[in-house]
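For clarity, chains are labelled A, B, C, D, E and F in written order, and residue numbers in each chain start from 1.
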Amino acid sequence: MMDSFLLDGQLRRFLLEDLEHGDMTTEAIFSDQDQAAAALVARQLMVVAGMERVAGRVFTLLDAEIRVAGALADGARAEPGTELLSLRGRTRGLLRAERLALNLAQRLCGIATLTDAFVRAVAGLPVKIVDTRKTTPGLRLLEKYAVRAGGGHNHRFGLSDGVLIKDNHIAACGSIAEAVRRVRLQVPHTINIEVETDTLEQVEECLRCQVGIILLDNMDIPTLRQAVHLIKGRALAEASGGVNLETVRAIAETGVNLISVGALTHSARACDIGMDWRD
Amino acid sequence: MMDSFLLDGQLRRFLLEDLEHGDMTTEAIFSDQDQAAAALVARQLMVVAGMERVAGRVFTLLDAEIRVAGALADGARAEPGTELLSLRGRTRGLLRAERLALNLAQRLCGIATLTDAFVRAVAGLPVKIVDTRKTTPGLRLLEKYAVRAGGGHNHRFGLSDGVLIKDNHIAACGSIAEAVRRVRLQVPHTINIEVETDTLEQVEECLRCQVGIILLDNMDIPTLRQAVHLIKGRALAEASGGVNLETVRAIAETGVNLISVGALTHSARACDIGMDWRD
Amino acid sequence: MMDSFLLDGQLRRFLLEDLEHGDMTTEAIFSDQDQAAAALVARQLMVVAGMERVAGRVFTLLDAEIRVAGALADGARAEPGTELLSLRGRTRGLLRAERLALNLAQRLCGIATLTDAFVRAVAGLPVKIVDTRKTTPGLRLLEKYAVRAGGGHNHRFGLSDGVLIKDNHIAACGSIAEAVRRVRLQVPHTINIEVETDTLEQVEECLRCQVGIILLDNMDIPTLRQAVHLIKGRALAEASGGVNLETVRAIAETGVNLISVGALTHSARACDIGMDWRD
Amino acid sequence: MMDSFLLDGQLRRFLLEDLEHGDMTTEAIFSDQDQAAAALVARQLMVVAGMERVAGRVFTLLDAEIRVAGALADGARAEPGTELLSLRGRTRGLLRAERLALNLAQRLCGIATLTDAFVRAVAGLPVKIVDTRKTTPGLRLLEKYAVRAGGGHNHRFGLSDGVLIKDNHIAACGSIAEAVRRVRLQVPHTINIEVETDTLEQVEECLRCQVGIILLDNMDIPTLRQAVHLIKGRALAEASGGVNLETVRAIAETGVNLISVGALTHSARACDIGMDWRD
Amino acid sequence: MMDSFLLDGQLRRFLLEDLEHGDMTTEAIFSDQDQAAAALVARQLMVVAGMERVAGRVFTLLDAEIRVAGALADGARAEPGTELLSLRGRTRGLLRAERLALNLAQRLCGIATLTDAFVRAVAGLPVKIVDTRKTTPGLRLLEKYAVRAGGGHNHRFGLSDGVLIKDNHIAACGSIAEAVRRVRLQVPHTINIEVETDTLEQVEECLRCQVGIILLDNMDIPTLRQAVHLIKGRALAEASGGVNLETVRAIAETGVNLISVGALTHSARACDIGMDWRD
Amino acid sequence: MMDSFLLDGQLRRFLLEDLEHGDMTTEAIFSDQDQAAAALVARQLMVVAGMERVAGRVFTLLDAEIRVAGALADGARAEPGTELLSLRGRTRGLLRAERLALNLAQRLCGIATLTDAFVRAVAGLPVKIVDTRKTTPGLRLLEKYAVRAGGGHNHRFGLSDGVLIKDNHIAACGSIAEAVRRVRLQVPHTINIEVETDTLEQVEECLRCQVGIILLDNMDIPTLRQAVHLIKGRALAEASGGVNLETVRAIAETGVNLISVGALTHSARACDIGMDWRD
């Protein structure tokens, strides 16, 4: 889901954002013949995402003769000092691509590392950690890729490939049943319909409509447990709201199938990664 | 620096990222005639950025008949519960644009709020807080705009509109003097040349070359103070490295003219903003 | 799912395909002041699709001052001679947009009309007629819109918003069970997984895996009936292969839930629509 | 007229229409290492168009390492079972490009096959079968290429590279003479002016203006014959309207130089082509 | 041939070339409320081209609220001091669009003025002054428009809408006859074929092939006269090579129908036009 | 500042401007197998710019198998008859790219040659010849590159990477001091502020504000000399207005640091360069 065919247009735009009409400093100082070697290096403990396909691609897209090697696999754990990716080629190209490669790598590894923390917090329980649409504009595809690298799963990619019936939709229709009926008339059968609920009454209404996924929004632990009990496996139960590393295990223990966490993408801290020069 | 002429292409791409072939849920439930009113509302204390020109524009770009009003000005301080922007128009348009408008508003206000914290931490001192190139790929223009809304200033926008001679450049030339000489041969005279230094010896070398801006990188407080003393106003002194809300005032008190803070853009937390429906 | 926000970029490209550097004939003969009125008129019995949002939009996109009125609604039935859309404005604009508007209208109405024929052929039976990915390159969104206008339903829009496990996938995994397992590890829970089957044994394997949709490919009527009997409502049963207006009712009577018909988009005949000038 | 320089942008857009954020099924099941071989195979008698340059290019554009070989030449005749193009490379790439390659190949071969039928129907007569602007929006270049592969010829590509003066133009000017005069003032001398006529009087008026091409629209056979007699080779005579495989030979026998057939592109049936996997 | 539908994409790119992330000077000094009036004013004698549709459009494209009025018509003659276009609106918009509007207006008026000089030099003779493909990359459409404003005519727009058989083509085929034969097999009948000749023998060969246009390249006056005599109106005679304001009348007097002048677009001097501020 | 990463998108657009749907003449006459060799050859004395990176790139972008060799370096002096670039590959590719490559090469060499004339006119004096924003829309990057090839230097690239406070700005603020103050509040410290002056009083006001660059606009020689005397090296002195090859040395002798010349880009004559075929 992350190959250069899908990514290149976007990476090219990102490079031009930084380079507009070139890198004045580097072009004044280095010639086209100057060669160098470098490596992206972890400066903290992290879970890796996007080294070869994203960070490495930034370099080769700018200069097809740069050699990229030794990329750590997605999901690998790196200690401080670990070499994440090694590079060899024109100094000009290495310097011009450096900032974008780091900006992307730091963000993607940050998301993978935070996702991994959530996944480990629910280790042993039959639950999936999933992301949301609270992604950085323009980076959704990349950020959802990083979530998978960290062991998480993806929720829908956008408004076109999933249905989530929320309070406004329900209010406009008068009932969950009517909202679901209208959606079923329009939406491909390949889509599993999801409804957001705030109360157990709504959960029951969902079950009567044979909804595929029930979002249990901002419910406390006892209510979540009751909801799971009501659902009895007839739909997927997804918890959302108030999820953090302190609360996630208790939420998972209620028996929900999925926990969606906006923080994976909107609040992950960039990992500390540097580019070191080699002789 | 932020009008719709420059922004629209990008916002349109962001909208399509979420909407690809439409919003299946909303289109199944609401008709083209349904109207509604809503408001973006602060759910925490924050400094505002981009309400009218960015968040509001997302709505009118999607549906030119949506009316946007009451936008808080850039730099305004909002309490929890403050209405930041009010909206009226087709329900379909409001729902389809909601997520992107929030994703952008939360990020920009987050940056403005963090910048404001740094600016207030150095209140009364003759120093500017400036940003870096450590921005989100694709969002640099918007993020630098949010820095200004928060009272900060912008460093160069990219590799094409500023010169920063770093350690690799110096090493390749053998000396700061030679690096500066090469750059002066190439670079427009409208550019103020900046050199990164690690030691006081390098600062002195910069002064001998009449460099316009000296970056004092990762120096401790006493060294910064000595550097400022050496420079004596003959160049702008910019501190960077190890800057956070605890250390920034002490750094400012050394007398530097500028403090650049990567965290403004790479580590700002998204502000909590919601969209509430009105009757 | 068909508003101008999503369509305009594409319609603009289509207009430029025909207009490159303008319409030499019309520009030599008419001035910018010349005005005219015209109408798109059905020249055969048809089911209408896209009059206002597609054909009409072609004219206003080219010349924002052209007035479009009286568009027949999607799904309306038109006799030969019925006015489908009326237009008033600059003669130059009307002539320059005419061909593209007709090319699109004829194709979309052709698809709606064929879809309608299939839908009427199964009238009274609890089955949906659905489309496939056998659409014209570049026109998928528009063609799927026309299918809905004709009373049909949409299958997935592309490879990114639906899962269909086919024979190659199954062969590579050794079994349906393994293929489904791998897919479940990766794919958003909002996606309802579909598996293509050729035999009743495969149908049973699908049921053991609790697959959501079972594609019954190229089965004869008795086998389809057995498959539906086996499935007993535990999954959606979709028939495909060998579907035409002669066979579709018998297929529907087997009790399948869905019948997918590639011909809706790859073999619909363009409807005969002309543009008549009014005084 | 069909090389990758002109085509790639368009093919890339078509691929993204189907792939948006990847092929979920294939990516879950196959690894990047899996390799396979396949072939496009005719399932009916057909005239071939676009195998190497279009269908083959879809595969290599998606994955530059896929090897394409054995493409049948444009215009070749293929029996059911004939291999049209063979492919070898990553299974992922083969599966992801399959649908687009087939959708294009089926359409282009359909047009070539229908064009060939018209060309054979007039075999031995000094007449050219030509296409029209009734092409699929976005595919004009490709469809006109397929017409040539089938032995037909191209009419103008769009409104910018040919002049066709129609009834509206004539009505606005009061006479053919005045319309031709106005056009001659504006249009490059490299363009051969064509005028549409409904009557023999109009044909005579065209001859008085020394028009290069006279379109004889919807005339019956005796009138066509009279028109050709009137023209006596002083202009090209082009017949249009009511042309089908039953009528085309009689029309050709009137002595017209060209017969334009909208059906070549708006009503060709897609050929049946499949992709078979090889060991 | 010059309306905003065709131009806007290009003008937007030109504006971004100058504005990338805005106009720092103007935005620091003027507020969004500041209003001003200005006019484009001729500073030399000139023939006008593109005031309303090109220069004026630059302003309204940047800021839709700028009012444009009083544009001189294409082909009008302006004395030094004549107001060519008046503007009223946001000061910011006026300043940001000024340079591009002037750069375009100066170039287009320069071309129109030079074309007009050639046209007047052949006044009274039945000959057309035509342009070539020696245009500025990216500006062909605009430059050919300016040629028409100056009273000239357009040759083909590019390699796709006209045929010009040159020496290499002839050499590759062995004869003009063979080259023409190959071209006639491929090229739409709407195209009037042109052949470049250096000698009277080649002119005669062209006549035998019934070529529509004969380019008489770099022939001296007596040879041109003989060529025209040979052709006797059976083809259009176009002179090229060595054409300047001193030679053009003598060339025209040989009786050629067309004279093509590369200098119209590759060597026109920019006209002097300024933007004056009004109270 | 001129590598293919930055240029390719633009060159591709230029090629399509000429080629739209191919080169009808060449495609009818040559096959894909035909090979040829050719060279770009100077037909006048010139200073070279862009042979390898621009003209050569046009060919390889169109057809990656064309071999480019022997490119003269930027800034080299070429006599009439000198081979500037040699080419070998498909005849079709060579012919289709020829016109664009020549159009670009002629323009860039024209600018380099004119710049070189200005640079030689001030030989021995400590002054730089710089360009302006009076460039051809869409070609700024290329034209500024040619200025450097000719020995000149670049002024700012656009409104986003330099500040030039002009008369309107000053008038709006009431004084230079206020204008400078407002700009300093907004503009990155990496930008060296420039102010346009008409009088010595304004020069003094600039010095009081410690402006980095003072533009001395349209001053006569004695006034320029006085201005330089006043400035005494405290700012860069840039002369503009009334600069031509006759006046430039006298202007330089006043001691200004920079002379900006709009004519470098808006009035350079295209150099005469041809493409000769080799055996």
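Just so we're on the same page, a contact is a pair of C-beta atoms (placed from the backbone, for glycine too) under 8 Å apart; a residue touches a chain by one contact, two chains touch by 3 or more.
Every value quoted in this text rests on a predicted model; they were computed, and no experiment measured them.
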Chain labels contacting chain B and also chain D: A, C, E, F
B-C or B-F, whichever has more C-beta pairs in contact: B-F
Copy-to-copy rotation for chain C and chain D - C-alpha atoms, rounded to a multiple of 5°: 180
Chain C and chain F, separation of their C-alpha mean positions in angstrom: 53
Between chain E and chain F, centroid-to-centroid distance (C-alpha), Å: 23
Whole-Å gap separating chain B and chain E, where each centre is the average of the chain's CA atoms: 45
Two or more partner chains touched - positions in chain C: 19-22, 24, 27, 141, 157, 160-163, 186, 191
Topology of the chain contact graph, where touching chains are joined (line, ring, star, complete, other): other
Touching chain combinations (by label order): A-B, A-C, A-D, A-F, B-C, B-E, B-F, C-D, C-E, D-E, D-F, E-F
Residues of chain C defined as touching chain E within the complex: 15-16, 19-22, 24, 27, 61-63
Contact set on chain F toward chain B in their complex: 128, 130, 148, 153-157, 160-163, 186, 188-192, 194, 212-213, 236, 238, 257-258
Touching residues on chain B, where the partner in the complex is chain E: 1-3, 5-6, 141, 157
Interfacial residue positions of chain B with respect to chain A in the complex: 10, 13-14, 17-30, 34, 36, 91, 95-96, 99-100, 102-104, 106-107, 133-141, 158-166, 168-169, 172-173, 179, 182-183, 185-187, 191, 266-267, 269-270, 277
